[in-house]
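Structure provided below as structure tokens; questions to follow.
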Amino acid sequence: MTLIVLNFKTYRESTGSEALRLAEICEDISRDYSVQIVVVPQVADIQTISKAVKIPVYAQHVDGVGYGGFTGHVTAASLKAAGAVGSLINHSERRLKLADIEASISACSLVGLKTIVCTNNVATTRASAALEPDYVAVEPPELIGSGIPVSKANPLVISQSVDAVKRIAPKVGVLCGAGITHGEDLRSALQLGSVGVLLASGIIKAKDQRKALEDLVTGARK
Amino acid sequence: MTLIVLNFKTYRESTGSEALRLAEICEDISRDYSVQIVVVPQVADIQTISKAVKIPVYAQHVDGVGYGGFTGHVTAASLKAAGAVGSLINHSERRLKLADIEASISACSLVGLKTIVCTNNVATTRASAALEPDYVAVEPPELIGSGIPVSKANPLVISQSVDAVKRIAPKVGVLCGAGITHGEDLRSALQLGSVGVLLASGIIKAKDQRKALEDLVTGARK
Amino acid sequence: MTLIVLNFKTYRESTGSEALRLAEICEDISRDYSVQIVVVPQVADIQTISKAVKIPVYAQHVDGVGYGGFTGHVTAASLKAAGAVGSLINHSERRLKLADIEASISACSLVGLKTIVCTNNVATTRASAALEPDYVAVEPPELIGSGIPVSKANPLVISQSVDAVKRIAPKVGVLCGAGITHGEDLRSALQLGSVGVLLASGIIKAKDQRKALEDLVTGARK
Amino acid sequence: MTLIVLNFKTYRESTGSEALRLAEICEDISRDYSVQIVVVPQVADIQTISKAVKIPVYAQHVDGVGYGGFTGHVTAASLKAAGAVGSLINHSERRLKLADIEASISACSLVGLKTIVCTNNVATTRASAALEPDYVAVEPPELIGSGIPVSKANPLVISQSVDAVKRIAPKVGVLCGAGITHGEDLRSALQLGSVGVLLASGIIKAKDQRKALEDLVTGARK
């Protein structure tokens, strides 16, 4: 089943009460169109949202530390307690050390959170797949927030990532992202072998978020 | 009025439902003994706690970024929306770049969050005071979690910090921390010129957290 | 005496044998025009340059660590042994944690290296001055490499930095930088109260580096 | 041919003139016993050492940036110009972000420097091998500087790393390190499938560095 992961980032239109409102829109679309939408709000918004909606709530970042003296870190245990069921790791706006990516994946496994490791090219996709998260999401940084879809600007990075992951860790799903906005972007992403997309500004900054999401979902089916 | 800041860190005894329980104990003690206790839970726990208790809730860390493409960052706006009224900045377990400390203080000012910048010695206390947060909290790193109170092991670092801040930015309050557990630790900290203490394991890892807090508060009055 | 600090960064025109050639030009100009020029090459180039020229050689960065297990760090002791007499600290392209800035200054003091702490605005200039390095160099990041001189685009950041440092740590010299290229830029920087400038691309990327440096030096005297 | 990589770290006994002296000892042993010894001094010491000895000189760290505005970074081009022929990357005392490890390997390839990526366990060894450096060096952090050889304390981490790398990137050589001091440590490391060792304090802090190196080399042959 196609996976649509909506990263709320720290936009005004997806913070606090706006985050809750947007998550509810995502839940509506998910139900009405039978698609799997994952919402990824800021940590401070996870509790309220996870109580309000039934679709999966992921964190944007998780640190690879456990219980103890780790002031200011985001632990897997605290995310789980707040109702999250997974987390992005190593997003281009929050890159991590290799050892910390591995530690974050382990910390999530321990409490049963799903993991999506973000990568910037085929080489780092290979490396991340070797760590066996649930998903890797390849996003060429130069296309993030650009409005130019990766599936059109750089289809090779998707198909080569899909091939590489198949060889190294076939259970790991490949997502792609950067510039994804419309249904046709999602459709080509799937045709290139990915199992879903990671997207943000294309939906969140849209004048009508609900309509933008509907267009994405219905456009992909044409 | 003396300020007692209880940093929940990421201990098991102060995560999720345990965090809520501990915050309620703090509220009881605060009311029963007329002391000001600030609770500092993990970000994911802030919403629930700030709804449940009336005492101030601070975050353990805040990033100096605003609305926008800052995936995985903790924004002042999201903390405010979740009910926090302040934040630690630059805790020894989450040190920040100088430019980011300044940006975090600015971001907090903008939305009306109080700020406590943590420092490791007199020199960094001077530097942090020059940035004019609400408080600086000096904590010699070698004493954190040691059980040896800074007020006994290194009283000079407190009195010199108090003097230095008075000269550079007299409106900034000086807190101290590291190894603070008992009432006498708090009392000597106040005698050395600080306006309060930052503490964590001494209370959180205590067999009886309520009793430990009571001892701290009543012991300081003897 | 006016201080001209030429940051070689990692430009092709100032790496390896090109770095040596440029340092020799700086030495010529320094002697011919009786100005104090400090060259700031990459660490790997310091040994050769410090043997070849008599003008001061500074490093671009130094870590606040001493002898021991600090693989991959740049120690003050190693810089000193290689012939450097000072170091930039916290350049906008290599920002440091507050505690590390303080540790770097201490490490340099211990072996007798001069220190220039770079800052991005008046607030961080105040904070850095409180750490008492030899110099602070304020450089608004948005003007670095822009060709628009800070002394024209934002004269207030210089004069306010000068005032603030005078109050907090009067022995600390104030430099400024960002977009400085021509003699008039240097002249206005001095008129605003700074004791010198930090510059890079304006000279290093010039078609004729020697002529660019001569223009800077002679233009400032008109 | 067995590879012995001696990391000079920032010890007093391997900085400046002491670094040169130690490199010359390594050259003697390398010639007298026909073993391949790579010396890894601090960046500031590379020029002098690479001119003085014929054995390979590696850097302890390299940044994945090219020519340009990267003040305070260590570029592959500058290392090459100084006479280095390779570099450690991601040492446990200088961990890097995944994207930066990949960029560092690329930057080294571009100028023809060899690369050794350090890792902390089998999972990160797999990930690093997927980036195809020349070598990966697995070093359990808890054993570094401990005097307890990894080949005795955790032989599985070596043999499993060797197996994993064979499957993912068979051209990548596997080194191991942490606690390696004596000939028998080296011998068991080779028996477990590694092609060499990374070592530091065991030799550098020895009362007689030459004798310690001889013991390592001759002891491994027994």
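So that you can tell them apart, the chains are marked A, B, C and D in the order they are listed, and the count of residues begins at 1 in each.
One rule holds in what follows: contacts are C-beta pairs under 8 Å (C-beta built on N, C-alpha and C of every residue); 3 or more make two chains touch, one makes a residue touch a chain.
All values derive from a computational prediction rather than experimental measurement.
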item: Listed pair (B-C, A-B or A-D) duplicating the C-D contact set, over half by residue number; value: A-B
item: Computed distance of Cα centres, subunit D from subunit B, in Å; value: 42
item: Separation of mean Cα positions, subunit D and subunit A [Å, integer]; value: 37
item: Computed distance of Cα centres, subunit B from subunit A, in Å; value: 33
item: Touching two or more other chains - residue numbers and ranges from subunit A; value: none
item: Chain-level touch network, classified as line, ring, star, complete or other; value: ring
item: In the complex with subunit A, residue positions of subunit B that touch it; value: 7, 9-12, 15-17, 42-48, 59-61, 65-75, 77-82, 84, 88, 91-94, 144-145, 200-201
item: Complex contact set, residues of subunit B against subunit C; value: 90, 95-102, 119-121, 123-124, 126-132, 168
